[in-house]
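Following are the structures in question.
The same chain A turns up in both complexes below, where it pairs with chain B and then with chain C.
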Partner chain A sequence: MFLELTEEQKLIQETARNFARSELEPLAAKLDREGDRPAFLANLKKLAELGFMGLNVQGEYGGSEAGVVAFSVAMTEIARACASTAVTVSVNNMVCEVIQAVGSQEQKEKYIPRICSGAYAAGSFALTETGAGSDPAGMTTTAVLDGDSWVLNGSKIFITSAPYAGVFVVWAVTDREAPKGKGISCFLVEQGTPGLVIGKQEEKTGQHASATNELVFDNCRIPKDALMGKLNDGFRIAVAELGGGRIGIGSLALGVGLAAMDYATRYSTERVQFGQKISSFQAIQWKIADSYTELEAARLLLMNAAFRKESGRPFAKEASMAKLYATEAANRACYNAVQMLGGYGYTADFPVERYARDVRITSIYEGTSEIQRVIIAREILKNIS
Partner chain B sequence: MKILVCIKQVPDMESRFRPNGEKTWYDESDLAFRMNEYDEYAVEQAVQLKEQLGGEPEITVLSIGPERTVEAIKKALAMGGDRAVHIRDDRYYQKDPWQIASMIASYAKGEAFDLIFTGMQSQDRGSAQVGVIVAELLGLSCATTLVGFSYDGGTITVKRELEGGIKGVAKLKLPALVTCQLGLNTPRYPTLPNIMKAKKKEIASLTPAELSGEAELTATAAIYPPAKKGGGLVLEGDIGVQVDRLMGILKEKTAVLR
Partner chain C sequence: MLVVVCIKQVPDTTQVQIDPVTNTLVREGIPFIVNPYDAHALEEALRLKDRFGFRVAALSMGPPNAEATLKKALALGVDEAILLSDRVFGGADTLATSRVLSEAIERLNQQEQVGIVICGKQTIDGDTAQVGPGIATRLGYTQLTLVDLIEKLDPQQGRITVRRKLEGRHEIVEAPLPVLLTVVREVNRPRYPTVPMRLESEAATVQVWSNQELQLDQNGIGLKGSPTWVSRIFSPQREKGEIVGDGAADPTGAAHLLIDRLVSRDLLVV
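Presenting the complex of A and B:
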């Protein structure tokens, strides 16, 4: 048993940390409050040039071939500074990986290098619909073959990076008669395709710099070869790829939780009440102890899931466990951090209120905590009955 | 052109330092290590020169230290070094600058480097001696504390930071050794693909015994944390008296009013 990062993983962690501290952190509060999309996109471009958009992607497509553990530690470091940037990087990596896993040679050569190099600011993963959130197989967007094209109709919601994504991975029903989940296919739709409408941008609680939009497909016509993977195999593809995304989001949550606790802990050694530093009170010490213990457990769960994926072993259960635990532990850490700062923690003069808002979504997107529990239980029970 | 860059791995400067069991160095067991900041300027300048010359120069990175030092070496390779020499020495911290410089000079003697870059000093020991001693041992021209560097046709022009904020400009013919100071350049982030590719670059391994048997000229007698300071100086009394006393202190102990 060897619980140590390799030299390469440590160097990637160091690069991510240094970049996050000098380029992302100084901008994070401004992005949250006022927004500055050019600055946000400029940092994404720099991250792409450093190789952060395709950590687990082959070099021939412009990826870094650094693996899943490196992806996890990089996500955590980026999220410590800016969760909005981190979620964009996480989704970009997931889009690259899904194209690499099931795309045709032409699709891989066309799209992955554009995301990895930053030619595309982002890629989007368009699965969720108003009536199909935790139950994605219940989607109603359709794709109908018409001559040499597929014609898409319907809408998607909560699509990360939609206004500035170069390409969308879109799921749609291709066989309405098939049993649930057996008639869905996966497509690649380029930004600017006629009939693809970028809809309303959501006003979210946190992660403000990362755009989250509705997508509308209004007789959106795409080439026949925009189908990705096998016809009617799309749902299986989505389920498989979401596992990797969960490692990304768990790692992101860990970063936000650590940022909150690091800030609050330092604050507690300076803030004086009743004539002493509040870190001398057991009530504060227990918050520090509980949160760091939980965040460390989250880190180990994430490392385990990442290591399993990197080793080519099944990792769906481990990724769900890590995502469930890390996001909930990070939510508790942010709650504790606000509590430790008291009223100041509720003001925009201190960063912990931003962490608390940014972290809230992590136990919802990429599969809610409730869905993670369904997956974990199903994985355990299927080996018994 | 053959370039040598000497680097050291040092603890993260945000670490809490404690003396080790022998009380002659700091306890390394719970520290995270990085490349010495000044050495990053050295690596960056070497790589910029290589780029200026169309990639012709070969950059060798040298470091002395235990197994963990390989991480810093790989960073230098990921930033653009071509090959590396690791002098494996678990007891490196017991060696004084003379011994460290003697090992480097012994290695470099047979290699005919045209230009050697080092950091101005290490962030942990901070002797600022190793570079200049290597230059002396090899009979090279030497310029220290560089904040500017340019190369043209076998001559380098350097801007040096001198005491009291004064800068000096010097021209040196190669072969030469220079030591690099904060402000010389902004070290690049190593890209992830380059970090992964650095794995495949050669890291030759040498032992101290193969290089130099020089005895130390200075020995560390003891290392200890500074005594805890009191809570500063609190000025009291009438506001006019306080201002006069503050002015006096600023004049005597600082340069702000000069």
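Presenting the complex of A and C:
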């Protein structure tokens, strides 16, 4: 048992931390309040050039080959400064990984380097539909083979990075007669394809800089070889790849939770009430103790899931446990942080209200806490009997 | 042409405290960083590499653990990293340090002609700003300190034009190569190492040169070769503040005066 990052992982963590502190943090409040897409995209480009978009991707496709643990610690550092940037980086990494896992040689050579290098600001993962959230197999978007092309019809919702993504990984029903989940396939759709319409951008509670849009496929025609992986194997691909994404989102939540507690803890050593620093009150000390304990537990769960994935072992249960626990612990930490700042915590003059808004979605997207529990219980119960 | 950049590993002085009893720096547990001015020197060298294709060698004198600093330089893209490390180099003042660094540069020059040496303006632990000029003097190079811009470089003609940031004014100077520059923070914004380069640099080798390689007279290096002794280190008494202008009568004028004052003291960059 050796609970220590390697020298390489520490170096990547340090690089991410330095970049996040100097380049992302100074911009985060402005991005949240007013938005500044050119500045947001410029930082994504820099992160790509530094190698953060394909941390667990092979070098031949422009990835950094740094592994899953390095990905996790980098996500946490980036999220400490800017959750919107972090979610984009997380999704980009996931898109690269899914193409690497199931794409054809041509698909890998064409798309992964573009995301890794920043030629594409982002890649998108288009699974969710209005009627298919926690139950993605209930999707209704269809893809019909017509001569040498597939024709897509339907719509997707809550698609991260849609306006500036270069490529979308899109799931659609290819066999309506098949049992549920057995007739879905996965496709790569390029931005600008006729019939692909970027719809309404959602007005969200937090993570404002990261665009979340509806996608509409209106007789969207893509080449026959845009199919990714095997026909009708799409649902299995989605389920497998979401596990990795969960490590990313859990790590992101940890970063936001730590940022909130670090801020509130420092504040508590300066704020004076009843003639003493509020950090001298046990009510505050317990919040600090509880939140840091939970965040540390979250970190260890994440490290365990990342390490299992990195070493090629099954990690679905561990990734769900880490995602469930880290996002809920981070939500509690942000709640505590606002409480510790009192009224000031509820104002935009201090960053903790932003952390509290940014963190809320983490226990919803990439599989809700409820779905994580379903997965965890299923993984446990299947081994009994 | 070879560009040599001299970098020093220093304790992060933002975290260093002075022991009030012994008047020495409390160094235990303080992380080491690349001297911030040297990070700008390194960036400037790498920009010359990007523009002209020069090779860049990074030099550092220090204990064996200074290897970490040179690995960071490798991660940023220097072609060669050399650590000058030997017990006999230890305890050196700026004179002895510049002797060792000059000799190392001379050795590099024998392999490939050195055109430009770049140093940070000063270190944040010693704060003397003497090592750069010391190297230039010893090597007989043109010495251009406090550079905030390389305006022009003509490798064919062997000439360089730089802007020097002096108190309250700039000076444009043209000089022949080889040249030693010391740079100020305004000269550039250092890049970040990429993840793949950082991973590569961990496995890369830093050459270590001891006095076996340099063959310097031991009386001129290390503690023996250092005529300067630091007798005491202490925190300066905090000076009283001053009132600038008349804020009530002329707030705009007072603000301008304050900004000028901050700029002239390097506390504010405009």
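We take it that the second predicted complex is superposed on the first by the 385 of 385 C-alpha atoms of A that agree within 3 Å, B and C clash if a C-alpha of one lies under 4 Å from a C-alpha of the other, contacts with A are read in each partner's own complex, and residues count from 1 in each chain.
Just so it is clear, contacts are C-beta pairs under 8 Å (C-beta built on N, C-alpha and C of every residue); 3 or more make two chains touch, one makes a residue touch a chain.
Keep in mind that what you see is a predicted model, and the values were worked out from it rather than measured.
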Superposition on chain A - do chain B and chain C clash or fit: clash
First (chain B), second (chain C), both or neither touched by A:49: both
Contacts of A:180 with chain B and chain C, given as first, second, both or neither: neither
Which superposed partner A:21 touches (first chain B, second chain C, both, neither): neither
Chain B versus chain C as contact partner of A:33, first or second or both or neither: neither
Candidates 127-135, 163-171 or 253-261 of chain C: the single one with C-alpha clashes against chain B: 127-135
Chain B and chain C footprints on chain A, overlapping residues: 7-8, 11-12, 15, 18-19, 49-52, 55, 59, 64-66, 70
Residues on chain A engaged by chain B in the complex (per definition of touch): 7-8, 10-12, 14-15, 18-19, 49-52, 55, 59, 63-66, 70
Complex interface listing, chain B residues touching chain A: 34, 70-71, 74-75, 78, 189-193, 195-196, 198-199
Chain C - residues contacting chain A, complex: 75, 192-199, 202
Chain A residues touching chain C - in the complex, by the definition given at the top: 7-8, 11-12, 15, 18-19, 46, 49-52, 55, 59, 64-66, 70
